[in-house]
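Think of it as A, B, C and D in the order they're written, each chain with its own count starting at 1.
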């Protein structure tokens, strides 16, 4: 809403909520004071019928119950959660620890990564907006996999995320005193973004991919730092690898490929993904680092980028 | 000095400094007010001759000039810098970007990791206190390498460090506004702790080791989080690996091996290293995570642990 | 427990809890791993009868229900909460928003500020350990009020507190993302520590005191920064005021009065309170700043200081 | 530049620098990569002659040397530093610790606080952009002083600032490890923003004003929290005071007056100033709290707001 409210050509018509229904938006989100003069209402499909675009941002398991009631009634549905991203109900159940109750939706949505599916997004009516970690990891690996530079087996991904990635939460382990001045890895081997990353990379590679994805929680509010190690199929000079990446992303409005080591603060509050590649001299492995703002390119910004594509607006509208 | 000052059986006799010489210790370090009633003096070998123990904490290249003047004049020298840690002058020059002017010192010092060299430390008169990153990485890998569980090739180490690891610095890139709410990897492929880690692990393995070490700067003051990926030589159940680690560290006073994923805040302001091991299910790789306080187990605490060993004191004196 | 566990002359016999009963202490508090080999048990007066010392740290309203069952059965009770600190049930009810069910306890406890009541504490069996804000504010004002330097009316107190002051909490407004990179004042005019501060200062002044106490939540874990403005009764040179403070605190083991502007990091993880005084040149007001670690001098450290006094131990035992 | 670069109707023609001259803007400021394709050049009056608008952001003492060379050569000069803000050279020298070498400039610039001088700003060719602290303090007090509600004597101002207020600095005392997890007051009684605040308030009040201004450095990057205590001339119900403030700011696009206690995170990265007023019940004093982003409403945002006014653009252009 913060991003959308800045553009008079976009009108926010309805804001829905559960626990906060009945409260003014600006009471729940003081930074929207004077900018979004709406009151949260309970969700009702009838109230949003006829809208051009509906954004869904719900806990896992809830979007799958709402989407069927909206399909055909609104111009485009963009779901920011994970309910529409995986290919099978079994995979969903394994990682999200709950059954998928609308399995026909799986595969029905376009995976909304513009750098990969821009043409399809332009014609989509149902978009699965990518997860925050997957956005940073897939963009880091896409050129190398497309070009067949790296082995698809044994890829090692270490990602560091700010706390806003967990949503607005009252969990003790996300309280300031537990997070501040600390770091912890979590969900080693079973994070729900692992199969999302793998599914997309396998589609690109046309073959199986195995990767280890280790997420870490660090004491910042916004931002993801991803460091990838992968084995080259055959030795390649770093300059050649850099050329592959530079060519792949030259015309992308929101990917900045360069030779400096990326840092999160360069992308905070923006829709940019900064990427750099290195050859580690002792192991010969390819190292790729990427950074995004998990709330922008990793969530709301990418959703707006998709909205812009669907509605024929400039792709960077509202995003710079 | 903060740690040493708490024990009446230890007397801090002399505190030396360059730029701060002439100032009371408590003016430079307000938290020592009322605890260390000394004034910094310029370094002078004569002034410290006869001391039981001398701690050296200087920028690289300086300890090598001082140690020869102290040898034989004091009971024990514990150097917290990197001048005495590497085996050859060539390796030193490559990573520290300056020549080693006292190459005869290389190999003369005991590498002060009690978990590896406790017996030698007890009789040492010259100790190279381990680097902060190496402490966290070596302790994470030691049992697996000793037991021959993992391949010594292609080990991937991602470490995250708090800012105090860089010392007291006026560099713009360590200013609050540049570090806060950000993360950046640095010295990819050429950090001076890589050869230190590799040298120690190769001595343990009795063979060559290759590893990629990627350090990251994160916005905390104290703490290191290390996440290691290594390939098992042959598949082994996780319980067996846990047993190897538990047995190896059972009697270590400052290593806590467990099954919980470590977090930095559990070790801040302590000399503990917390370690846990996992089998990543998609790649089959061994994942080890370890945490230390870089200023305690990664520096001053380990130096005091070494001092305790040298002087026959309880190993945990001053450290709990 | 972290502080107590470091001294072999102290034995932690029982640790009680409600929701966490049945869990090992080190599971709830990983930093105590290997240091406190106890399991939390539900509170039971019989289980603690005969102990030398019982520390109570409970939400407001609960200590008042437990203390009567313990009186006479244990050597000394030290309550870290607010149930025993105020003089009247009416005042308690007004600020704590609940009735006081054991009003006979009010006035029965010694207010455990050693700098004010050391002799009484030595003989106490029931101690009301001071609140964190009151400790920092009372120590800042004590010498000036005792010496009659300032007017007791219209004192302005601005205090900044780290988040640990709120206890271990799952409140959304204490989550990392809501606290980080932000500040907010709270409970303007109705914080429960205002009457505690006022009551103590009025006892010292022998007359009524009015003060405005504005607490602010800031994004640090530990520490309180207090800045006080007060009107001098008559103009006094700053040197004279400094002498009053220096004389008052000369022999106090945990108050460091000086001329430098205090900073929180000098007292973090210590039992010290650092204080300085200034004359503001434009208004002529006395400005006093003080800092403490709210978890040490503002809570557990002061409780141990009191325990040391009660049991004739060195006052700084366990605290340096 | 970040703000200006988002609007195609604004063209950044020249970016000047001293030490960084010759470097691409995006090398010095990575977050501007792909957005500001300029290289820093040394300052040269000839190179900027003919520009519509010149922004000056220099250390104190430098703008006063440049402004005379630009007057009459460019459309409008907006100085973000302190050289043009004070009324007399003596006052400048006292607080900035250096002589003012262009005293004829004093009084020549319009003080660029739109809420106070909007009409004058529209016609200005030389604007002194207000300091960050003064913006937050003056907006907090303006309605109360204009309406004669408070006594102009003995006003107490406590302000908390993020570290970016000190500029891009390599000072050790602004390094992460010294600022993080700490707070310190500084320049008690002699901060250069005190006379700026006082000068403006005295113009509004038409009489002398005395105030104590205590700035504190806190560990956030952006934001100022100001808490003011003032004595009411005569008792007034809080509702009446709220009405005075609400009326005064009703049509201001960037002041949000409300009844909630302000918090910094509601204004970060925006040009808003949030304000609330309270009657402290024990002292009867008026308490006003205000928050701004020191880099936006406290600096660059307000400069752009002034530019918008000068050039007849919508006042909120580029700022929401």
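Just so it is clear, contacts are C-beta pairs under 8 Å (C-beta built on N, C-alpha and C of every residue); 3 or more make two chains touch, one makes a residue touch a chain.
All values reported here derive from a predicted model rather than from experimental measurement.
The minimum number of touch steps separating chain A from chain D is 1. Chain pair with the larger contact count among B-C and C-D is C-D, by C-beta pairs in contact. Set against the Cα centre of chain C, the chain with the most distant centre is A. Remark: chain B and chain D have CA centroids separated by 46 Å (rounded to whole angstrom).
Note on chain placement: the centre of chain C and the centre of chain D lie 38 Å apart, centres being C-alpha means. In chain C, 162, 178, 180-181, 219-221, 263, 265, 268 are the positions where the chain touches two or more neighbouring chains simultaneously. Every residue of chain C that touches chain A in the complex is listed here, in rising order: 162-164, 168-172, 174-181, 219-221. Chain C makes touch with chain D in their complex at residues 153-156, 158, 160, 162, 178, 180-186, 188-190, 194, 198, 210-212, 214, 216, 218-223, 225, 227, 229, 231, 261-265, 268, 278-283, 285, 287, 289, 291. The touching residues of chain D, when paired with chain A in their complex, are 5-6, 30-31, 33-35, 181, 256, 258, 260, 263, 265-270, 272, 274, 320.
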